[in-house]
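Step one of this worksheet: look at the structure below.
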Amino acid sequence: MSVMMYRDALRRALYEEMKADPRVFVLGEDVGAYGGAYAVTKGLSAEFGTERVRDTPMSEAMIVGAAVGAAMVGGRPVAEIMYVDFITLAMDQIVNQAAKIHYMFGGQIKVPCVIRTQQGTGRGAGAQHSQSLESWFIHTPGLKVVAPATPADAYGLLRASIQDDNPVIFLEHKGLYAVKDEVPDEPYVTPIGVADVKREGSDVTLITYSRMLHVALDAAKQLAEQNVSVEVIDLRSLLPLDMDTVLRSVAKTRRAVVLHEAVLTGGLGGELSARINEALFSELLAPVQRVTAPDVPLPANVTLEKYLVPNAEQVKKAIEKTLESKQKVH
Amino acid sequence: MSVMMYRDALRRALYEEMKADPRVFVLGEDVGAYGGAYAVTKGLSAEFGTERVRDTPMSEAMIVGAAVGAAMVGGRPVAEIMYVDFITLAMDQIVNQAAKIHYMFGGQIKVPCVIRTQQGTGRGAGAQHSQSLESWFIHTPGLKVVAPATPADAYGLLRASIQDDNPVIFLEHKGLYAVKDEVPDEPYVTPIGVADVKREGSDVTLITYSRMLHVALDAAKQLAEQNVSVEVIDLRSLLPLDMDTVLRSVAKTRRAVVLHEAVLTGGLGGELSARINEALFSELLAPVQRVTAPDVPLPANVTLEKYLVPNAEQVKKAIEKTLESKQKVH
Amino acid sequence: MELDLTKSLYHSMLLIRRSEERILEEMMKGNLASTMCHVSIGQEAVAAGVCSAMQPQDYLTSTHRGHGHFIARGGGLSRMMAELFGKETGYCKGRGGSMHITDVSIGHLGANGIVGGHLGIATGAALWTSLNKSDAVTVCFFGEGAVNEGITHESINMAALWKLPVIFVVENNHYAMSLAWERSTPQLSFTERARAYGIPGVDVDGQDVLAVREVALEAIERARRGEGPTLIGAHTYRFLGHSRADPSKYRPAEEEERERARDPLTIMRAKVGAEMISDQDVEAYEQQVKEVLDAAVKFAEDSPLAQPSTLFEDIYA
Amino acid sequence: MELDLTKSLYHSMLLIRRSEERILEEMMKGNLASTMCHVSIGQEAVAAGVCSAMQPQDYLTSTHRGHGHFIARGGGLSRMMAELFGKETGYCKGRGGSMHITDVSIGHLGANGIVGGHLGIATGAALWTSLNKSDAVTVCFFGEGAVNEGITHESINMAALWKLPVIFVVENNHYAMSLAWERSTPQLSFTERARAYGIPGVDVDGQDVLAVREVALEAIERARRGEGPTLIGAHTYRFLGHSRADPSKYRPAEEEERERARDPLTIMRAKVGAEMISDQDVEAYEQQVKEVLDAAVKFAEDSPLAQPSTLFEDIYA
């Protein structure tokens, strides 16, 4: 085990995949000598050359397009889109091309590429630089979507994503890059589509992913002091969703709270709530609660931004609500 | 009352708004003399000239961009994107610009524009020409989203959308253009954000919008013969959602089914299911069911496509399931 | 049929022409599975000329109007017809149809329904072959309407910057649906346009298959030498409407008449003379093409419709 | 201060320079509400020169590096500073910050965080003023990095096609974050590039405010006459890093030294001579600017932070 930062764990994954497989290459804005806006690719171009760690012009559609085309003829590109907000410029390439090519052409060809990007709040970066857009991608059959919350998962999922034969949207979080934690020294992959119980508990299941995991763990810890036992599930993969793990836990706790940083309406929380209700309707002792950002654009203001990002207090309140909630009476 | 086609009702709304307000103008691909890919703007350029009903180059980002810019300085543009699938090329202009400008600039400026497009199946148009993408837009604070199902609502909502001071995503459906129904002769607007009970009933609430309304009404009619009374709610507006109407109905029927043509995961059905469960958990006699397309891209094949589009049989089954479902026992 | 180059160019154009006529016929009979179908009748010389200049290791990307590229590149007619009929023996298992007709085994990377969408793919493919030191060249066909899409700019710029082996072939049939070319952009010269990217641009008579071939050969050889992309503007005309639904009312009758008179098949025969392509040759080709097409249609008819259950396959690789 | 044109150009550049220096100072003190802040020190001549050529009815759109455009257009410093401090008296109620600094009342249609995103807005604004027979011209500033975005192509093409009254001003500071201009495109001449759209293109020394003004005047008058857009490439340099976090290691030291020596303030004084702008003038401006900035900072400091509850306002108009 070594303690490393999230960004370093990502870089280690890139490094090892590039060492192991000459088909892997990296492209994006400022990913070369500059090392990426969030320093994930730092040093890679020195190691692998500027062809394999390639600075692109500012052309988000083509960054993804180049990845898709390269993947179709044998490459295994890892493209970086600097902020998920800019992925709005590449939606055709992701949704109509990458996600559909394998299917639409009857399985004739594969598109093994990874689109790395980062999302979320924390820097007061404003309405056009702080969004969380995972919902769009989980609504797109043909994509896989992952959103690691810890250095260990960032490493393992990035390796798995690069090795995957499908287009993977790899969602990092700008507030996680400097987070440090233990990462095993031996190489490994974290399988896509498998959630992780990050804390066991018996009273309520708290389901989350990405940076909100840390808010969830914080809330769970505080509640433990009040003798409330919270099971915290880190989804890690958002498409496919590991409903087995989720439902197993909720079947046990009979209460669930979903937590994410994306805005409420149309967020992943709705999907999870619906699925839990569909599967465990008669088991549930309380309605599934959602703790999310409100339906508001984000201000370019570190202080004000905090009011729109879910915090441990809100999570605790939601959990308390599920605990209070009376059993159904009919 | 006159009986008219959905496309003609839309054209009437455009015509009347253009007559009434010189700021209103239309732009898009082939909207001029050609009359639009689905013949909605036919005749308008002859009436209002090719400047006010303006053919654009193929440049979807700029079609929306031009609408946004024009709206900011006093125009009231109605832009047409030929297929919603091509809106992938204009997502930055919609999501980062149109939706956020009013908020981000502190309310200094308004963006009153309508982006008309059509979505859905029915023509075997394939994976890149048949999607239903409303979920992306309801996840974008600052937009309004409407999806009329009848000629009367198409007319009234288009007038309301053009008169609205916000960017409105106006979702038509390729399978509805030739649908005929009565439209009042007097001018009117249908307010955005108000759902419509298209059929009253007492046993179960069936919530839907756009072309699926007709599938819903068909299923309801068939079930009426089996003495099942289905209340059919046509949302009409998807953002904001009229939860009052939905919850009032479900409070009465205590059972709900959501029906849409978009794929399941991340679809609007999840949001509705979550909200209904949150509000009426102890009232519900059965889990909210979702009837949607499966998580599959669409084939360019009229015959095969049908297997992926929800039909009345599936709706009836889902409703029957909610009726069977035992009350909760704890 | 073993044919020398000149004859095979003619044969290739004839095969495209008759195939598309047959496709239209089958469409009228209601045999096509999708309502999406765009024929390139009148534009055959571009596909035939460019594809004749390609090598087996090369790639191409194609458009919504893609039968010509597919056939000129050597795509199989039986499985193509089966695809159009929505059959499980089709190249795309009956789920792609005309607009996505694709045979990856011959380096065909897909016909695309998003106008301009495949320019990313073409440049990306060229990026990989260049990184991978393969000598494959990628040919990217697109209509003049696609020229105004943002991705076209991004992709030509990137290809030019990195000197990628990709050829941008504009099939300029002068209309994008109803929009006349001159109403879509003020810059009508591709030679001029190419200067924005510092690459060679060529305007060529797209009805003259030999001229097209010449230009394509030079561009492809240049790309193969590592000297980067070329922008080719091939001036052609679609003889019919944009799609079945379109009576092309937006085109002046005189223009249609004048342009239809410039049939690439006629032009070629006039150019090479009857010694090269005799009436008997043509008759023999017509006969052979008819047989191939009859067989293709029969294959398509006899093939089973794709099973609905297969729709749940291939979502992931 | 009432100043004649030459003096006011100098004053405008000085005001931008000192304002941004003060912004950096306040940033170091931790007074800015957002971490997003890009200064244009070294590039003042482009903003000052172009804005001096605009009329009151004209519009402009701006970028992430937008203080200069804002100040040159006459935006108020107190409410600007308040905005940067995240205060409710700021132009955007404290929720826009530096990257979205905007004063619509002076025809400023917004600084934009999406590189290239505002080219749509600029062209759209020009479309409306042209439809509406207003004689307003819209000026669209963007960096050379934005040139390779698809929207830039779409928007220049559309503006050129319809002869819209919009001026495309490339503030070519030779870097897009770490990417040197020559590593982003093979076409370094804006004159050449403009030919792809059949419009005039001009390359101008962006450190020479008088030259910039000249070029802008001509372009704006041309647009106002209904003759369409001009593409202006103003060659300049950002003296500092892309943003606070950036030490600009990717730039050769000699280049930085050489370019920093070409300070637009110095260049102007050398050009117009001490009779036009004397040391006393400069001293007076410095004094006046300092007072304005002190007052602006004080205003910002004294203003209340925006109330969190206001975050729920203005989502809809």
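The letters A, B, C and D name the chains in turn, as written, and every chain counts its residues from 1.
Criterion: a contact is a pair of C-beta atoms (placed from the backbone, for glycine too) under 8 Å apart; a residue touches a chain by one contact, two chains touch by 3 or more.
Computed from a prediction, not measured in an experiment: that's the story for all the values here.
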| item | value |
| --- | --- |
| Fewest touching-chain hops separating subunit A from subunit B | 1 |
| Chain of greatest Cα-centre distance to subunit B | D |
| Chain centre separation in whole Å, for subunit D relative to subunit A (CA means) | 36 |
| Subunit A and subunit C: spacing of chain centres that average the CA atoms, whole Å | 40 |
| Residues within subunit C bordering two or more other chains | 94-96, 100, 112-114, 117, 148-151, 154, 157-158, 161, 183-185, 315 |
| Multi-chain contact sites of subunit B, meaning residues that touch two or more partners | 57, 59, 61-62, 85-86, 88-89, 92, 96, 103-104, 126-128, 141-142, 295-297, 300 |
| Topology of the chain contact graph, where touching chains are joined (line, ring, star, complete, other) | complete |
| Residues of subunit B that touch subunit A when the two form their complex | 61, 85-86, 88-89, 91-92, 94-96, 99-100, 103-104, 126-128, 131, 133, 135-136, 138-139, 141-142, 239, 241, 262-263, 265-275, 277-278, 281-282, 284-290, 295-297, 300, 325-330 |
| Touching residues on subunit C, where the partner in the complex is subunit D | 148-154, 157-158, 160-161, 183-187, 192-193, 195-199 |
| Interfacial residue positions of subunit C with respect to subunit B in the complex | 33-36, 86, 94-100, 112-117, 145-146, 148-151, 176-179, 183-185, 249-250, 305-306, 308, 311-312, 315 |
| Subunit D partner contacts - residues on subunit B that touch it in the complex | 23, 25, 51-52, 56-57, 59, 61-62, 64-75, 77, 92-93, 96-97, 101-112, 141-142, 144, 165-166 |
| Touching residues on subunit A, where the partner in the complex is subunit D | 29-30, 32-34, 37, 55, 57-62, 85-86, 88-89, 123-129, 294-297, 299-304, 307-308 |
